[in-house]
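Note that the chains take the letters A, B, C, D and E in the order they are written out, and that residue 1 is the start of every chain.
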Amino acid sequence: MGFLTLNDIHHTYFTKTSATPALRNINIDIKEGEFVSFLGPSGCGKTTLLSIIAGLIQPARGCAMLDGKNTGKTDSGIGYMLQQDYLFPWKTIEENILIGPKINGTLNHAIKTETLALLDKMELRNVLTSYPKQLSGGMRQRVALVRTLATNPKLLLLDEPFSALDYQTKLKLENLVSSTFKTFNKTAILVTHDIGEAIAMSNRVLLFSQRPGKIHKIFDVPENLRLLSPFEARHHPAYNELFQVIWKELESLEPEE
Amino acid sequence: GKEEVQTVRVAEVTRSIFYAPQYVALAKGFFKEEGLKVDLKTTWGGDKTMTALLSNGADVALVGSETSIYVYARGSSDPVINFAQLTQTDGTFLVSREKIDNFTWDQLKGKTFLGQRKGGMPQMAGEFVLKKHGIDPKSDLKLIQNVDFANVPSAFASGTGDFVQLFEPTASIFEKEGKGYIVASFGAESGHVPYTTFMAKQSFMKKNKEAVDKFTRAIYKAQKWVDSHSAKETAETIKPFFKDTDPKLIETVISRYKEQGSFATDPILDEKEWKNLQNIMGEAGELPKEVSHDILVNTEIAKKAIK
Amino acid sequence: MNPKNETEQLHLQYIKRLNKGHKQIRFYQLLIFLAFFSIWELASRKNWIDPLLFSSPSKIWELLQTKLTDGSLAANLGITLTETVLGFILGTLLGTCLAALLWWSPLLSKILDPYLVVLNAMPKIALGPILIVALGPNLTSIVAMGAIISIIITTIVVFTSFREVDHNYLKVLQTFGATRFQCFKEAVLPASFPTIISTLKVNVGLSWVGVIVGEFLASSKGLGYMIIYGFQVFDFTLVLLSLLIIAVFATLMYQAVELLEKKLIKNG
Amino acid sequence: MNPKNETEQLHLQYIKRLNKGHKQIRFYQLLIFLAFFSIWELASRKNWIDPLLFSSPSKIWELLQTKLTDGSLAANLGITLTETVLGFILGTLLGTCLAALLWWSPLLSKILDPYLVVLNAMPKIALGPILIVALGPNLTSIVAMGAIISIIITTIVVFTSFREVDHNYLKVLQTFGATRFQCFKEAVLPASFPTIISTLKVNVGLSWVGVIVGEFLASSKGLGYMIIYGFQVFDFTLVLLSLLIIAVFATLMYQAVELLEKKLIKNG
Amino acid sequence: MGFLTLNDIHHTYFTKTSATPALRNINIDIKEGEFVSFLGPSGCGKTTLLSIIAGLIQPARGCAMLDGKNTGKTDSGIGYMLQQDYLFPWKTIEENILIGPKINGTLNHAIKTETLALLDKMELRNVLTSYPKQLSGGMRQRVALVRTLATNPKLLLLDEPFSALDYQTKLKLENLVSSTFKTFNKTAILVTHDIGEAIAMSNRVLLFSQRPGKIHKIFDVPENLRLLSPFEARHHPAYNELFQVIWKELESLEPEE
């Protein structure tokens, strides 16, 4: 059994007039330190699955176990990063990155020092007393990353964290996130629409089928790509090969509009 | 066929049984007999009524004579002329919260008195009567004068004041409900004054002499009718104007007013009454300047009407 | 169990829970409603509150029935509703036209800006008496009161919305060589349509206020008149009946406008 | 010519044009102001309008000076301002608290929903007389009038803003294990702060209306009283003076709140 | 002299307290049928330059000539496509695509038929009576393209038209736009932040320097890449090469945050 185990997860959204099956029969094992990407058509249930893993939604059936414990309880050791940064605009950067420890009551001097050091590592100096809107998109997303890491989570969930950034910034951030996670040996799940990003960053790519989401196919990223930084990986011939394969597979899933 | 029917727009200061003769004239068709069509509208409060008259929103106003003095004193070029008197005494009563068997005015001393709002005739008459009985409204009792006319009864009913100055029919309602007891009449105490009078702008009267004559005649007819019929008959007649009031109550109120001679029996506003009015206003410190009787009052029309 | 069936069952359960929740809410709402009126009735009968001042539901109910049968309620209600609707349509229309004028001439809008600020801050209610001086104590002043109270705020809100229309829409039209009038017609006005509709909602409330105050000041019919008259003759049953009827019809009108808003904005 | 210099020259030209535009606007504004008062004065002197009803600027100016010297204006103004500020703070505070309560209990908010709709649609002005019955003819009722008129709309607007706080902010906090109270304190309340501040702007206007109407009904001091008293004794100069003073101070208060809004939201 | 000639264009934005120089000394010649990309750091004045070319802004100095005529007048034969689609949400698709001819008064039966045929070509059938919000992002951007083409402009200006789309949709649209423009032999200018997109789609890439924008460097895209569709071009070795060159050049322009 892996570090994170998803066991036969089903989920359906109900409204008065409709039942939307979102996930069917999801079984995944993720090892500690692994970086996995979720790829799939819009609305196939990727965000729903992340919410279930984070314990924010109770699945209709099945369970998610992290390190042998159910993820449904508070303080589950999971960090969640959203598509936009969702920094609190009325808080300074310092208050923003320390909100996690403050909320779960673990804020102390050591954690504070550690978090500020992390901010330094992200090449963000002298922004402690700034407000989020004074920062560029890339800087904000880095701050959000620090905020997520501040509680030292065992598992990181990243829901399209780079999709709102421009292309160059995105490439740079991919490198930064990848190296940071490797340094701290974090386990992470990345949801993305960008096949290239999925290949460049992860060890495994899980392709989901149309709603209700099922795991359609799993692609292992070749060892030689994994050792490269995302930016370098994108220019490796093996990358193009895998890209074409996944592209075709994805094409076959999305219905013509 | 006959003469053309002229429409006269009348603005009354409030809808009150106090003005019973006016409603009788309407209900009995006295105006119609004179060839007038009267279009009656209630403009709540003396200020609004006079405003309606001045801004040509009405041809004739039924309102306290003091307003014509105010208007004149502010320098109107087209003064408002009183031409027919409807009521000749104050129409308010002194109501006590506690039942008092042998009331004397001294008993007001040291008490809280909820009066009418400052600047109006009821307030001035009230203060005049108090002073007449040796009570200084400023020092001998606690005087509340900040409540709008329509809200005085409810303010008293919700616990403000030991005594209150009330119009009918509220005074009678209070007595009936045991909320208070009528202990004196300001009307009986104040003497005859031009309390509510029909008035019109001088320019209007010049242009519509005949209509004013007819109007006054109809009023006089109604005054005689009220005088010669019982309170019960009058109450029956004016009932349509007081749909939501208990007919019994209307009758009580009419008889009370009749007893103290509140309804004028002819439309003449004589000089003595005019002096008394200015006297009362002067006492209250609200008389902007002395105006002689012949400037603001026209008794010719009334005298012609009663012939 | 087959997954299709399972989903259906879960859905049924969900709907059941939902309905139960709805029923519970309805129950509490009814409870509050009944409790309010019964306690009022009881308090009035037992003289805990002054029945003269606070009347009682049963008395109000009786009065309602008499007033309904003799038709006087319908007449008064009709007058007030007419005045309100007129005032509210007038206020919205004039306000929107004024806004269009300001949009059309940036110079004019800059010149009038401080005046708009003053007129907006001014409690229009205080103008009531002046209005009667100017227009006379008649229906016109009451409708004017209902309109005046909403014109300026409509102008400001709609003008702001005109100005805030995404400039890129105008850019699109300008690349096709559109004139200022074409820009207004094709982009500015339709883009502000939702704002205009939603000012309707505010204006309907304001017009009620204006009309009621107008009727307080000068009228011989209408619900505001019934309140003033009730006070005059100390008939609180009449006052409270009028208040309840105002509450009901103001709500209905508001809901009607909201419905209209939803319908119109759906395609907006 | 060197480009730096050229830019500077162009900038100077631009600023010159801008200033000229500003001056032009100020000129027209002043023109309107002066024209309004001179035409008024003239019309009054020439008897084009009834000087009794519409007074004249010179008479108002004289009265202002007498009232300023004898101190009665300051006293009346002070009273009205106090009442308005109290009413407006009370209305905003209570409305916000009510909104917090509704956010806290979704069940309660669902139950109270129809009642809020009715209370919102109801023209609160009509309740004025009832308030005097309940609270007595004193300062309390006037302040209450100033508050009541804004409570419900504040509740609704603030509650809507509470509910519309981006759920992703709450999601962020929930992943850290935040309680409902922490969510409220850290995200919902601060995110709605701009809305609360901007209801202030609406409420200040509403409170003026409430207080003026309250003073119409029961008062012996204040600007509303001055209007009513002026009518009573046919002193329209006094009425218009009061109206002008109300316009000035309502505007000042509104501007003050707007300034506050800008300051507070800058960091928001 | 080329088809489009920009002659010594300067522009400065003024506010009361500041003068923001946006463009300096811009000289460009573009031939008929050419596809040129503008690349450059954020805020370097690319959008400003497009607005000047479209005649929406009067430059402080210099002029833009299209086919020998000044572009400052109405009916200049220029089509402009913005970052988002800016379809009018209250108009149906049909009304939206016909707004151009309607505004400049050329709407007639022939133009209508032609425009509807174009819509068909974009694989958009049966959407004539739909409203924009019923369409997906990619569909909407295609409708916007039809709208721009409806007046049959001689020159097309595209301001980051694909940046709001997800990666797969973007790749597909690039192909579609490229082939459409080739078919109609349109001259076009594309503003983009995506180096790859610039290389894959255009004949020339103009790199702008930091504000005030000047032309920093011009890259000619190799002939063999030009003949490929954008999607194919992205997987050609020559693409990677040019990418690296431009990336480095761009890196050197953007100041470290």
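FYI, a residue touches a chain if its C-beta (ideal position, glycine included) is under 8 Å from a C-beta of that chain, and two chains touch if they have at least 3 such contacts.
According to UniProt, the chain labels map to these proteins: A, E = ABC transporter ATP-binding protein; C, D = ABC transporter permease.
What you see is a predicted model, and the numbers here were worked out from it, not measured in a lab.
Common neighbours of subunit A and subunit E under the contact rule above are C, D. In terms of the stated touch criterion, the partners common to subunit A and subunit D (ABC transporter permease) are C, E, listed by label.
For the pairs B-C and A-C, the count of C-beta pairs in contact is higher at B-C. Chain centres computed from CA atoms place B at the largest separation from subunit A. With centres set at the average Cα position, the gap from subunit C (ABC transporter permease) to subunit D (ABC transporter permease) is 19 Å. Computed centre separation for the pair subunit C (ABC transporter permease)/subunit E is 48 angstrom, with centres defined by C-alpha atoms. Between the CA-based centres of subunit B and subunit D (ABC transporter permease) the separation comes to 40 Å, rounded to the whole angstrom.
For subunit B, residues that reach two or more other chains under the stated contact definition are 47-48, 51, 54-55, 150-151, 154, 157-158.
With touch defined as above, residues shared between interfaces to two or more other chains in subunit C (ABC transporter permease) number as follows: 53, 129, 133, 231.
Taken residue by residue, subunit E touches two or more other chains at no position, since every residue touches fewer.
Chain pairs recorded as touching, per the definition above, are A-C, A-D, A-E, B-C, B-D, C-D, C-E, D-E. Residue ranges on subunit D (ABC transporter permease) touching subunit C (ABC transporter permease), taken from their complex, read 24-25, 28-29, 32, 53-54, 107, 110-111, 114-115, 117-118, 120-127, 129-130, 133, 204-205, 208-209, 212-213, 224, 227, 231, 236, 239-240, 242-243, 246-248, 250-251, 253-255. Interface of subunit A with subunit E (complex): residues 42, 123, 136, 138-139, 163, 166-168, 193-196, 235, 240, 243-244, 247, 250, 254, 256-257.
On the side of subunit D (ABC transporter permease), the complex with subunit B involves touching residues 47, 50-53, 129, 132-134, 136-137, 216-220, 225, 228-229, 231-236. On subunit B, the positions that touch subunit C (ABC transporter permease) within their shared complex are 11, 14-16, 40-44, 47-48, 51-52, 54-58, 150-151, 153-154, 157-158, 169-170, 173, 177, 179, 242-245. Interface of subunit A with subunit D (ABC transporter permease) (complex): residues 54, 56, 74-76, 78-80, 82, 84, 86, 88-91, 99-100, 103-104, 131, 147, 151.
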